[in-house]
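Chain nomenclature is as follows: A, B, C and D, assigned in order of appearance, with residue numbering initiated at 1 for each chain independently.
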Amino acid sequence: MTVGFIGLGRMGGNMCRNAIAKCGQEVLVYDLIDDAVEACVKVGGRAVSSVGELVAAADVIFTSLPKPENVEEIALGAEGIAALAKPGTVYIDLTTSSPELARRIAATLKEKGIEMLDAPVSGGPSGAEAGTLGVMVGGDEGVFAAHKQLIETFAGNVIHVGPIGSGLVVKLVNNLLGLVTVAAASEGLVLAKAAGVDPRKLDAAIRVSTGDSLAYRSLADRALSGDYTAAFALDLAYKDIHLALELADEVSVPTPMAAGTHNLMRMARGLGYGQEDPTAVVRVYETTQQLTIAEGA
Amino acid sequence: MTVGFIGLGRMGGNMCRNAIAKCGQEVLVYDLIDDAVEACVKVGGRAVSSVGELVAAADVIFTSLPKPENVEEIALGAEGIAALAKPGTVYIDLTTSSPELARRIAATLKEKGIEMLDAPVSGGPSGAEAGTLGVMVGGDEGVFAAHKQLIETFAGNVIHVGPIGSGLVVKLVNNLLGLVTVAAASEGLVLAKAAGVDPRKLDAAIRVSTGDSLAYRSLADRALSGDYTAAFALDLAYKDIHLALELADEVSVPTPMAAGTHNLMRMARGLGYGQEDPTAVVRVYETTQQLTIAEGA
Amino acid sequence: MTVGFIGLGRMGGNMCRNAIAKCGQEVLVYDLIDDAVEACVKVGGRAVSSVGELVAAADVIFTSLPKPENVEEIALGAEGIAALAKPGTVYIDLTTSSPELARRIAATLKEKGIEMLDAPVSGGPSGAEAGTLGVMVGGDEGVFAAHKQLIETFAGNVIHVGPIGSGLVVKLVNNLLGLVTVAAASEGLVLAKAAGVDPRKLDAAIRVSTGDSLAYRSLADRALSGDYTAAFALDLAYKDIHLALELADEVSVPTPMAAGTHNLMRMARGLGYGQEDPTAVVRVYETTQQLTIAEGA
Amino acid sequence: MTVGFIGLGRMGGNMCRNAIAKCGQEVLVYDLIDDAVEACVKVGGRAVSSVGELVAAADVIFTSLPKPENVEEIALGAEGIAALAKPGTVYIDLTTSSPELARRIAATLKEKGIEMLDAPVSGGPSGAEAGTLGVMVGGDEGVFAAHKQLIETFAGNVIHVGPIGSGLVVKLVNNLLGLVTVAAASEGLVLAKAAGVDPRKLDAAIRVSTGDSLAYRSLADRALSGDYTAAFALDLAYKDIHLALELADEVSVPTPMAAGTHNLMRMARGLGYGQEDPTAVVRVYETTQQLTIAEGA
């Protein structure tokens, strides 16, 4: 069996190197950036000269790409999977993309005898490097069962959540939850500080109370230190919440909490924080209220 | 030393009985409901015939009351603490009330030589019974230090968070965080179900992902079972978020996430869910989208 | 008959002078600021030395005050109407205040044989000067009918809208409508400018289309000129929308549109625009998006 | 000169018949529905057998279509304008569509020597019939000037608002303003009724106050009568606000007021009011608060 990996960035590169180390198969690698390819070749990957060459040769193709547009191009473009992959190939997309697009691609590939799984990941570049990512998988259960072990070469928690597109729905809802909680924690910290409470004392109390959560902590750690260095940029999180809202639009479900967060993220982008950590939404509140959580905290 | 306890309901009664069992002091008890008094007398409390009698006799007075109005009455009313307690008395309010009211009462009591701590609790009736409540305390550090052990007779986690009113600010922010997360989880579950994903599979994935939290779980447990039996009524949680918004108004801090949740809670009340669990906000989404998370999940 | 007027500011002073000129009765006047009193005395008003003196002597008492707290003090305070006015007096409050407070005051006054009308006004200082204000009146229909002509000495459009408190409910809803429209127009103008459309061309089209309204025009005039000089300060409009939200809270009606506007106004206040025109909410959008509608428009 | 008209529904059919009556040119007509074609042929239009035949023969092509997807098909599809129209043709799209799509189509057509104007209309089927529609036009000023008179054969108020796409931006902002105002008026009426005020009295007062507007009246007329018979369906208005939000997303401008309205419209659709008038958003508030504005008003 030959494995192919397209998209070797901060997420894809780490996943690919873990797969190379553990899957015991030949792994073909492709990326537009030479250094990204080189880093995978060094640990045993084999570079190919084009997407077309990779998709024609691989039995299982993974993609880890920035945006749905990139997925559409690799899956349905002139040199892509639908055009050049052989029947029996399995396509596993690790990108946080659109469920609607996943269903559309899967339907097209099915006609060519190609199965698809949508398998977005959770856990960030550090989880990708450690091989501990969570993966939410949508698609045929048999195909999932047959490839679970392969996915586990680079992930710690691989769950099947339903038919094609379901992995993405779950991922988008998970991110929506995290981002709304970050926005709520932002207004909570600014509210407490404006009401005369030391943010560090608030934080100590929240961490042992019912308001605690991973998302709360990610915000509080950054707001209290004032360091919004991004592992994952606000601009990318904005894409994620946009996809969640697009999904809500398709099924016409009201999402006032997600919409409120979306608007705060646009304000954060407008203020120039798009390349900082997503938790920089707190800086919108800090800016309008002219205070700083970290300062003198 | 004599301890007094006013307000012996689901929260106050449990706290009082733990105090009686562990504090080694005489505990005077008062409530408008005879059965509530009787339950404390049975385990060693001593009933008094009026609020005035209790506040005049006790060295430390605890109150655990439904609403800020009740606190104002006991603290500042004709038969209350300011009127009848002796200098040197310490007043510890366990109610989730308004920080502004706490500051106002404390200032009045100070003139009479009476110290006050605001000490709202977190953990629900079960935590009150088990003696494991979290308590966020505002007020003078010396007074706090002198009474921490007494509070620990009925609580597990007693934290000083700043000057008078700070305990309430922290409590209100903690509850705001929890309720916003419940609203976000509500729209997430309904969105996923409308998009064709089995809520139980979504739930299994969220619980091992970054979107997980205590608040998420409290919502998911109820939405998946369809059982919104309240340990704590939505109408009371609505009072809490109202207090948080009132605080935001005083200090003019924007709180779009809390406001969005507040509106959903009004819809839930309008639909008749005020006596159910606060997580019944999900039923607003279920009602307008004409689906049920629990059904066939 | 003797008329009394308490509160002679930008609104009250103009109304009072119109009443003096047209009502043909003695008009007693009171304000804390000497110049305000003097301006009314000059045109025929008679100054009194205290609120108590005025309320004891007048048959009809008007108040036009900044805030509900001031109304409560004049109506129910030690030197106020309930304490010192004679049975048969009619009290007409022109302040934008709380319907709940109006009902409470009216009930107290009723016991003393004093009738009350709540009669908030619409039209600003220029309308007050021109005598063209709209007045929405709540209270007994007979009392209204008997005093309509007197109110018309300083107003152009005097409407009875229901029992006590109704005038205030209608006024608060009217202002809510105007402020939400201003917020919507703010985001519309910024959206169009960011999308490359000249705000002046947008404006020309909106003014002849279905999106046109008085509130839209008040925003567009200021945003296009960049001149937010206030006839009426954003801080006062903030008080009005706060009263509307407090009312919504009492009757537990969801008001997401008003809440969204309220939050934008808090941001505007945080950014330092509280003393500018209420339409300065557009500056929140301008600030976060780093553009200016007026500039180069 | 030959004029072509594609899309002869409630809007397009009326515009087309006015054009036939007044433009003095041959008008080719096309629609998928025979009756719609027949109604235009009766007054002098000439039916063609396909889109391709029309676009190849016409010098000026108008389209009035339900959705952006339809516009894309007619403009860029295999049988469409880019494929078959001759150089020198002018394409005028009357559909409320996406500015981004308009720019994309215009760029493609430009390469073929075809000019495009985006010219969305305002005023509803009655305005289309009366020939009094407002038209907001984007595109080259010379092309606009040369075709203004032709557009005026079916419209009363034709304004040039900027380069290609600008007409749509202005239209979307206009509709955003109207729909937000409808939502605000909805919550205002329900709030007043819940606070004990007769909606008819509120309405009489608002119509002579600063809260008045066309959008307010469209809501109030329907809410007071309880008759939501649609001239224009809520589902179509939902498409419009979706397009406005999509535009906001492209330029990353926060639109909390539009987003709030969008969510209420989703609730209205979920409750089954998609085919009623867009003002049926008030029924969301009526449903959750269990009251009816019209009833006993």
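Criterion: contacts are C-beta pairs under 8 Å (C-beta built on N, C-alpha and C of every residue); 3 or more make two chains touch, one makes a residue touch a chain.
Note that the structure is a prediction, hence the values are computed from the model and not measured.
Between A-B and A-C, more contacting C-beta pairs join the chains of A-B. Comparing the centres of all chains, each the average of its CA atoms, the largest separation from chain B belongs to D. The distance from the centre of chain A to the centre of chain B, each centre being the mean of the chain's C-alpha atoms, comes to 37 Å.
Computed from the mean C-alpha positions, the centre of chain A lies at a distance of 51 Å from the centre of chain C. Of all residues in chain B, those touching 2 or more other chains are 248, 252-256, 260, 263-264, 266-267, 270, 288-289, listed in ascending order. With chains as nodes and touching pairs as edges, the resulting graph is complete, every pair of chains being joined. The part of chain C that touches chain D in the complex is made up of residues 99, 122-123, 134, 136, 157, 159-163, 165-166, 169-170, 173-178, 180-181, 183-185, 187-192, 194-198, 201-202, 204-206, 208-216, 244, 247-248, 250-258, 260-261, 263-264, 285, 288-289.
Looking at the complex, you find that chain A touches chain C at residues 256, 266-267, 270-272, 284, 287-290.
Residues of chain A that touch chain D in their complex: 238, 242, 248-249, 252-256, 259-260, 262-264, 266-267, 269-270.
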